[in-house]
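Letters A, B, C, D and E mark the chains as written, and numbering starts fresh at 1 in each.
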Amino acid sequence: MGNVVVWIVWIGAAFGCIASGVAVVSFRNPFYSALALIGNLGSLAVLYLLLSAEFVAAAQVLVYAGAVMVMFLFVIAYLGGEADAPFVGRHGWQTVGAIIAAAAIFVEIIVAVGESSLSHPAKIDASFGSPAEIGRLFLTDHLLAFEVTSIVLLAAAVGGVVLGHHSRRFDAGT
Amino acid sequence: MIAAAWICLLAPLGATLVITLAGMRISGRTAGWIATTSTSVSFVAAVVAFAKLLSENPEDRSHLSTAWTWLGTDQYHFGLSILLDPLSVFMMLVVSGVGSLIVAYSIGYMDGENEERRYFAYMAFFVFSMLMLVQAGNLLLLLVGWGLVGLSSYLLIGFHQERPSAIAAAKKAFIMNAVGDATMALALFLLILHTGSLDFGSLIAISSSSSLVINLVALGLLGGAVTKSAQVPLHTWLPDAMEGPTPVSALIHAATMVTAGVYLIARTHNVFELAPNILDLAAGLGAVTLLIAGLIALVQTDIKRVIAYSTMSQIGYMFVGVGVGAYSNGMYHLLTHAFFKALLFLAAGLLIHALAGEQDMRKMGGMRVLMPRTYWLFFVGGLALVGIPPFAGFFSKDPILAAALAHGTFGAILWVAGVVGTFLTGLYTFRMLFMVFWGEPSAYAREHHHVGPGTWSREGPLVMFVPVVVLGVLSVVGGWIQVADFWTPVSNFLEVSAPPLVTASGTQEAISSIFAVAFGLVGIGVAWAIYGARRAEVPSAPGVQSALEHKLWFDWLYDRAFYRPSVWLARALYRWFEQPVILGSLREIAAGAKESGSLVSRLQTGLLRVYALAVASGLAVLVVVFISVR
Amino acid sequence: MLGPDITWYLAISAILFSIGVLGVLLRRSPLIVLLSLEIMLNGGNLALIAFSRQTGEGTGQVFAIAVMAVAASEVVVGLGLIVAMSRRRLPLDVDRLRSLRG
Amino acid sequence: MKIPTPNVDWLTLSPELSLLAAAAICLMAAVLVPAPWRRGVGAFFAFAGFITAGIFAGVVFDRSVNSTLEVGNAIVRDRLGAFGAIIICGSGLLAVFVSYSHRMRTDYVAEYYALLATAGAGMCFLLQAHNLMTLFLGLEWFSIALYIICAIDMELETSLESGLKYLVIGSFGSAALLFGSALVYGATGEIDFTAIAAAADPHDGLLLAGLAMILVGLGFKASAAPFHQWTPDVYEGAPTPVTAFMSAATKATALILMLRVLREAFPQEAHDWTIVLAVLACASLAVGNLAALVQRNVKRMLAYSSISHAGFMLIAIAANNALGARGLLYYLIPYCAMSVGAFAVVAARERELRQPVTLDNLAGMGWERPFLGAAMWIFMLGFAGFPLTGGFVGKFYVFAAAYERDWIWLMIVGVAATLVSLYYYLGVVRAMYFRSPVELQLMPAGGSPPREVTLQVGVALAVVVTVGSFFAVQPLIEIARKAAETLVF
Amino acid sequence: MNDWIATILIFLPVAGALACFVFPVGGNAVASFAVLVSLVEVGFWIDAVTRFDFAHGLQFEQQASWFSDLNVSYHVGMFGFSLWLVGLTVVVMAAAMAYAFLAGRERPRAYYGLMLLLTGAVVGVFTAQDLLLFYVMFEAMLIPLYVLLGVWGGAGRLGATFKFVAYTMAGSLLMLVSIIALGLSQGTFDLAQSGTSSSNWIFLGFAAAFAVKAPLFPFHGWLPDAYREASPEVSAVLSGIVSKAAVYGFLRIAIAKFPGPTEDFRTLFLVLAAVGLVYGSLLAFRAPDVRGVIAYSSLAQMGLITLGLFATNDLGFNGAVLQMVNHGLISATLFLLAGAIERRTATGEFLLLGGMARGRPALATLLMTTGVIALAVPGSSAFAGEFLVLAGVFQQYWLYAVAGAVAIVLAAMYMLRLISGVLHQDVGSAVSDAARDLVPAELAILVPLVACLLALSVWPAGISEHSFPSTTSPSTSAPARFTPPRTPAVPHGSMSTEGGISP
C-alpha cells in the first residue's frame, strides 16, 4: 500500500521534474521559466525525500526555491521587457546539433549507468540524511567544504555588489 | 743548384708582387724593367741549374726539392716540390729565355698603354706560372701551374678589358681550359685512387691497374694536353686569344704555354706508354690538327690569326712527335718553334705597333719598303717555320716526320699528313709574307705608318727591336745544336727523362727531309705564284672557302652543343623548377596554413551557444570514447 | 530505498542534465541560460543524492548542499552581470554578444 | 553531543589564509579607506598577501617531504600543491604589479585586489584538493572570483561580454565536472582521490563516463580544444592584467590539477586518458596555432597561443611518466612568467595608445620603448621555444617525455606546431622592430608615456624568470622533481 | 680538462653585446667598441691556435653540469677542425663588423650588440660538445640573424626573413626531436661520451636540420632572398659562417654519431649534393645580379662540401674542412665587395654595371683575386679544397667527381661572368665617375681577408693536415678522441703515403 503511494509520488515528482525542466527551457518569457524552475526544484525536493535526504530536501525548498529563485524573479521583474529574448538561434544546424548533443549525452549516461553493476542499495539507519547527520559531516569530514562554501558565497556577494552597483559614471544614457 | 731552381721559379712571382703592391708609385716603364729583370734572373738561374746538371752523371740528373707539404691529409701528402731534371731544365731555359726577351720587347710595345703596370704584373705572373708548370715535382703542382698559366692567359687575353671581344675571348680561353683542367683532375683522382700518389716517380705504379684505368688516366691527361695546346677538337680558343696584346700572343700562345701539352705527354710518358692507344690518339689528333689548322690559316686575313693557326699546326707536329714516342724530337721542335714563332709574332707586333694596332693583312702591303729590317726578320722566321734548311725548323721538324715513318703503318699515315702539312705551311706562311710585305704600300699603311717619339728607327724602339733580332738569330742557329743522326746533344740530354720509343733510321731521316723540304718549297712556290708574283688566281672553291672561313664550324657546333643548352638549361631550371617549386612551395604552404587558420578563426563565431555546443559535443564524444575504449 | 531502483533516479538526473544542456545550447536569453545551468547542476545533485542513498553514507548529500551554495553564487554573479549589461543597454541576447570573435 | 572536529593543520592552509586575509583587508579598505588611497592600499595588501602566501607555500614545500592528508582528508599537504601555490603566488604578484599601473581608477579597485587575492587563494586551495568535493568547490571558488574581475571594467562592453561568456561556459563546464564527479562517486562510492583509485574498476562504464566528464571540466579550465572557445573571447575582453593572471595561474592550476587527479584518482584508467589527452593536445596545438596565425589583435593572438601551450603541456601529462610530470611543472615556471610578462607589455601599450593593441599599432614599439620591446621579444622567443629562455627547456622536457612514452608522432606534432607558432610569435617581433611608425603613418598616442615603474618591475621580474629558468634548470628541475615525487608513477 | 679559452671565445662577445645594449653611448663609440671586441676575439683565437696540439683530438675542454637530471652539461672543447671554423668565424665577424662601421648602420647599439651575440653563438656551435648545448647555440644564432635580416635588410626583407626562419626552424626542430631521441637513448647528451647510434630516423632528423641550414639542394628556398635582402655584411656572415655551422653539424654529429645510417643514406646525400653542385652552378650562371651569383654559388659550394663529408674518407673530410674555411672567406669577401659595389652604384644588376676596373685598380684587383680563387683556379686554396673533396668522393663513385668536374667548368663560367659583368667592357649606366675606388678603410677590411685566402693558397695543408688527429698518434683520453669513421681509401692496399715527395 505504502509502496503504491510511494510509486505514485515518485511518478508524479519525476514527471513534474521533467515537465518543469522542459518548461524552463521552452517558455518564451523568463519570468515563467523562473517559475517553472521553482516547480522543478520542488519536484526534486520530493525525490530527495524519497532518497532519504530530508535535510537536503528542506534546504532545496528553503534556500534554493525560496531565496535564490526569489532573487531571480526580482531581477527579471527589474529588467522588465528587456528580459524578453528570442526563443532559439537563427541557425538550424545549431538547433539540430544541440538536440543531437543533448540526446547523445543522455543516452551515454543511460548506457553507462545500465552497464554498471550497481549493487543493491545499502541498509541505512534512520539518522541518514537527517540534519544532525549532515551537520556532523559538515563539522568533521567536510569541515573544509563547509568553510569554503562560505567563502564562495562571500566572493559571489562581493561580485553581486560590484556588478550590480548603481554607478552613475557608466550608466547608460549618461 | 736547387737553390737556383727555386730562384728561377720565384723571381717572377716576386716581380708580380712588387709591381702589384707598388701600384701607382712606380711608372709603367719601371714595372716593365722590374719584370724583365726578374725573368732575366730566372733565365740566369736556369742556366746555372742547367750547367750544374750537365756537370753530373746523366743518371743522377734528377733532383726533387720539397719546400713543405702543400696539400695533405693524414694519408696523403702532396709536397710543394720542384723537380729538376733535364726535361724541366730544358723547359725552364725556354720559358725564362724566351720570356725575358718578350717581356723586354713589351716595354716598348706597351709604352703609352693605359695600364702597363698591370700588364707587366700579369706577364711576370705568367712566367712564374709557366715555370711552376714545368718545374712541378708532382702532378698536383703541375696541375697548379697548368691552371695558373690558364689564369694568366685569361688575364692577358682580356688585358684590354673595355673591348668586349677581348673579354669574350679571354673567357672562352679560360673556360675551355677549365675543361682540360677538369679532365686532368679526374685523371689525377684515378691516380690517387689506384696508386695513392701523384709523384712522377710513382706513375709507373699504375701499371698494376686494369687497362681501362690506365687508358682513362691517359685520356684525362691527354684532355688537358689537347686543350692547353689547342689541338682539335678543343682548339677554338686559340685564334680568339689573339685579342691579347701581341707580345702575349708570342709568349703564351706561341712559345710557351700552348706547348705545355707536349711537355705534359713527355713528362707523363710512363702512363701514356702503358696506354698506347691513347698515345696514338694524341699523335692522330696532332696530325689532324696540323692539317686543319694549316687549311684554315689559308683563308685568314688577320695576321695574328694566321700565325696562331700556324702555331696550332706546329704543335700538331709536336704531338705527332711525342705521340709516336719521339719525346726529345717533340721537345726539340718545341724549342725551335719557340724561337721562330716568337720571332714571327714579335715581328708582326712591330708591324702592328707601327700601324697603330691594325692587324688586317688586306690593309697592309708593301711593308717591305716601309720596314725592311722587319721584313727580313719575318722572312727568316717564315723560312724557319716552313722548315727550309738551314733554318731551325728544318732540324727539328724533319726528325719528327722521320720518327713517324719509323712508327709503322699508323706512323706512315702521320708522316703523309705531316708532309702535306709542310706544303700548307709553306703556302700560308708565304701567303702572309707576300700579302704583307710585297706589292705597293697600301694607302692605309702609308697613312698610318708613324714613327713614334723616341724610336730608334722607322721600325720600332730599340727595346723592341733587339729581342726580335736575338730571336731571329736563334731561329737560324737554334737548329744547329742538333742534327739528326749525326749530332744529338739535345736528345741525349733529354732521354734521361723520357727515353724514346722509336728511333728513325738514316734512310727515314733522309726521305723525310727531302719530302718535307720539297713540299715546303712547293708551298712557297704556290704562294709566290698567287700572292707574290700574282701570276695565278686564288683557286675558287666557294664551299671549301666558306668552310674554312667558318673555321670548319667548330665554334658554331660548340655554341649549339654546349653553351646554348647550358644557358637554356639554367633558364629553364629557374623558370620551371626554382621559381615554382623551390621558391614557391613555402608560399603555398604558408598560404595553406593561413587558410586553415582563418577557417578555425571563423569557427570562433563569438556566439556563446556555439561555444557551449562545442563543449557539449566534445563531452559527448569523450564519453563515447571512454565507454567504448576500455 | 523508496520508489524504484536507483537507475530510474539516475535516468531522471540524466534527463535533467540533458534538458539543461539543451537550454544552454538553444536559448538566447542569458536569464534562461542561467536557469538552464541551474537545471544541469540539479541533475548532478540528484545523481549525487541517489548515489548517496545507494552507498548509504552522507557524503553525497553534503556535496549536494555545497553545490547548492555554489549554484546560488553563480546565480548571484550571473544576475549581477545581466543587470550590469542591461544598464549599459546591451542586448540581453547571447547571440548578439559578438563583439569578441574571430 | 561531542563532535570530534578534525585537526586543522594551519600551515597547510597558510597560503590560502594569507591571501584571504589580504582579501579581507582589501575589502575593508574598500569601505574604510578614503577613495584616493584605495588603489595603493589594495595593491599593497594584495602584494603582501601574495608574497606571504608564496613564502608560506615555500615553507610548506620545505616541510612536506611526505604528503599528508589534512582536515578530514579533504586536502593534502604535499609538495605538488605547494609548488603550484608558489607558481600561482608568483603569477599573482606579477599581476599585481601590472594591475597597479594599469588600473588607475579608484572605483572598485580595492574590491578588485580582494577578488584577485581570493582567486589566488582558491587556486592554492584547489591544488591541495584531495576529494571531488573540494575539487569542485575550489574550482568554483576561483572561477567565481575570476568571473567578477573579468567583468569589472563595466564601462567596457567587451569586459561584460567576456564576463558573461566566461560565466556561462565556465558554469557549463563546472556542471559537467559535477555530473562526472557524481558518476565517479556512484561507481566507487568514494570521493577521496586515493580511495577512488583503490575502489575503482577500470572497466566500469559509469566510472569512465564520470572520468570523461571530469576531464571535460578540467580541460575547459586548461582551455584545451575543443573546450577552448571561451579563451580568446574572454582573454580579449577581460582587463589585461586579469587576462595576464588568468592565462598564467588558471592554466597552471588546471594542468597541475589534471595531473594530480588523473595520477591519484585514475591511474588504472591511464590507457584511456593518455590517448585522449594526446588527442586533445593535438587538437589544441592545431587549433591554437592555426587560429593565432590570422589574428591581428595581440591579446587574442596570445590567447590562442595559450591554447597551443595547453596542448604542449597536455603532452607532458599524456606521457604519463615522471619525466612528463616534472617537465610539466618546470614548463609552468617560465610559461607563467612569459604569459604575465607578455600581457603586461600589451597592457603598457594599451595604456599608451588607449585602444586595443594590434600587430599594426605595435609598430616601432621596440625602438620607442627599448626595455618593453626587448622584454616582449624575450617572451615571444620563450613562447616559441627558443633557447636562452626557459620555454626551450620546457618544450625539450615535454618532447623528451613524449619520447620516453614512445610517442614519436606526438613529438612530431609538437614540432610542427612549434614551427607554425613561430610565424605569429616572430610576427610580434616583426611588428615591433621591423617596421617603423613612419612607414605606417601611425600617429602615436602623444605625450610621454606615464611612468609605470611597477609594471616595468613586473616585466623585469618576468624576464628574469624567463631567462633565468633557462640557466638555472638544475635547481628548478630538482624542485619540480621533488614536487612530482608526490605522484607515484 | 679545464681550459677557459673556449668559454672566453663564446662569452667575450656575449658580454660585449650586453655592454652594447646596456650602455647608452654614441654610434661611433659602440661600433669601435664592437670592432675592438671582435679583434680581441681574434687575438684569443690566435692564442688558442698557438697552444693547440694538432696531434690530438678534443682539447681546451671545459665541462660544467647544466642539468644532471638528463645528463646535460655545458661542455665545450675544440677539435682541430673546430678550431679552424672558430677562426673563420672570428675573422669574418670582425671584418663584417668593421664593414658595418664603415657603411654606417642605424640603431648602432642594437646592431653591434646583435652582431656580437651572433659571434658568440656561432663560436658556441663550433665548440659545443654537448648535444643540447649545440642545439642551443644553433638556435641562438637564429635570434640575432632574424633581427639583423629583418631590420637592416633591403626592401624585401620581411619575406626573406620569414622564409629564412621557416626553413631553418623546420629543420632544427626535427633536429630537436633527434637530439632528444639520441640523448635519451644514450643516457647522456654529451657528445664526447655518447656512443654511436644506428637509428635511421634520428639520423635523418639531424640531417634535415643541417641540410636546410647549409642549405643543400632542394632545401635552399630561403637562400636567394636572404642573401639578396640582407645587408652585405650580414649576407657575408650568413653564407660565410652560418652555413658552415650546418656542415659542421654533418661532420660532428650526423656522420660521427651515425656510421651505419651514414652508410645507408650516403648515396642519397651524395646525389643531392652533386645535383646541388651542378644546379647551383647553373643558376648562378643565369642570376642577373652580383649577389645572386654569389648566393647560388654558395649553394653549389655547400653541395661540394657535403660531397666531401659523405665521401667519409680521409681525403673527403680534410677537403671538406679546408673548403669550409675557404668558402667562408671567399663568400664573405665577395659579399663585402658586392656591398662596396652596391654602395657606389646602388645596384648589383649586371645590366647596369660594367667597366669598373678602369680607374679603380684596388677594387679590380681584389674582386679579380677573390673571383679567381672562388672559381678554384688551380693553386688557390679553393682548388686545394675542391681537389681533396673530389678526390675523396671519387673513391666512392666516379660519377660524383665527374659532376664536380662539370661544376668546375660551370664555376669558371659564372665567376668570369661576374667579374666581367662588374669590371670589364662598357661602363654601366649605374657606374658614374663619382663611384670611387675602394677607400683605405675598405682595403683594411678586405685585404686581410684576401690575404688569409692567399696564405691558405700557399699552405692549404695547414688546415687539411691539421684538422683531425693523426690516426697513429696516441691520445690522452678515450672521449677526447674523435675521428670520424674512415673507410679504406685504397682498394689495393698498395698505397704509399709518402711516395718520395715529402721530406
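As a convention for this text, a contact is a pair of C-beta atoms (placed from the backbone, for glycine too) under 8 Å apart; a residue touches a chain by one contact, two chains touch by 3 or more.
Keep in mind that this is a model prediction, so the values were computed, not measured.
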Path length in the contact graph (subunit A to subunit E, fewest steps): 2
Distance in touch steps, counted as few as possible, from subunit A out to subunit B: 1
Co-neighbours of subunit E and subunit B - touch as defined: D
Chain whose Cα centroid lies nearest the overall Cα centroid: E
Per Cα centroids, the chain farthest from subunit E: A
Farthest chain relative to subunit C (centres taken as mean CA coordinates): B
Comparison of A-D and C-D (more C-beta pairs in contact): C-D
Subunit A and subunit C: spacing of chain centres that average the CA atoms, whole Å: 6
Gap in Å, rounded to a whole number, between the CA centres of subunit C and subunit B: 97
Euclidean distance of C-alpha centroids - subunit C vs subunit E, Å: 66
Interchain centroid distance [CA atoms averaged], subunit D/subunit E, Å: 43
Shared-contact residues (touching 2 or more other chains) in subunit D: 133, 137, 140, 144, 147-148, 151, 154-155, 164-165, 168, 172, 179, 183, 186, 205, 208-209, 232-233, 294-295, 423
Contacts with two or more other chains, residues of subunit C listed in rising order: 10, 13, 17, 20-21, 24-26, 28, 30, 33-34, 45, 50, 54-55, 57, 59, 62-63, 66, 70, 73-74, 77, 80-82, 84, 88, 94-95, 97, 99-102
Overlap residues in subunit E, where contacts from two or more other chains coincide: 162, 166
Every chain pair in contact, whichever chains are involved: A-B, A-C, A-D, B-C, B-D, B-E, C-D, D-E
Complex contacts: residues of subunit B adjacent to subunit C: 601-602, 604-609, 612-613, 616
Contact footprint of subunit E on subunit D as seen in their complex: 326, 367, 374, 381, 386-388, 392-393, 395-396, 399-400, 403-404, 408, 411-412, 415-416, 418-419, 422-423, 426, 429-430, 433-434, 473-474, 477-478, 481
In the complex, subunit A residues that touch subunit D: 108-109, 111-113, 115-118, 132, 136, 139-145, 148-149, 151-152, 155-156, 158-159, 161-163, 167, 169-170
Residues on subunit B engaged by subunit E in the complex (per definition of touch): 20, 23-24, 64, 66, 68-79, 81, 114-115, 118, 129, 132, 137-138, 140, 143-148, 150-151, 154-155, 158, 161-164, 167, 170-171, 174-175, 178-179, 181-183, 185-186, 188-190, 192-199, 201-202, 205, 208, 566-567, 569-571, 573-574, 578, 581-583, 585-586, 590
Residue ranges of subunit D touching subunit C (in the complex, touch as defined): 132-133, 136-137, 140, 144, 147-148, 151, 154-155, 157-158, 160-165, 167-168, 171-172, 174-175, 178-179, 181-183, 185-186, 189, 191, 232-234, 236-237, 294-295, 297, 300
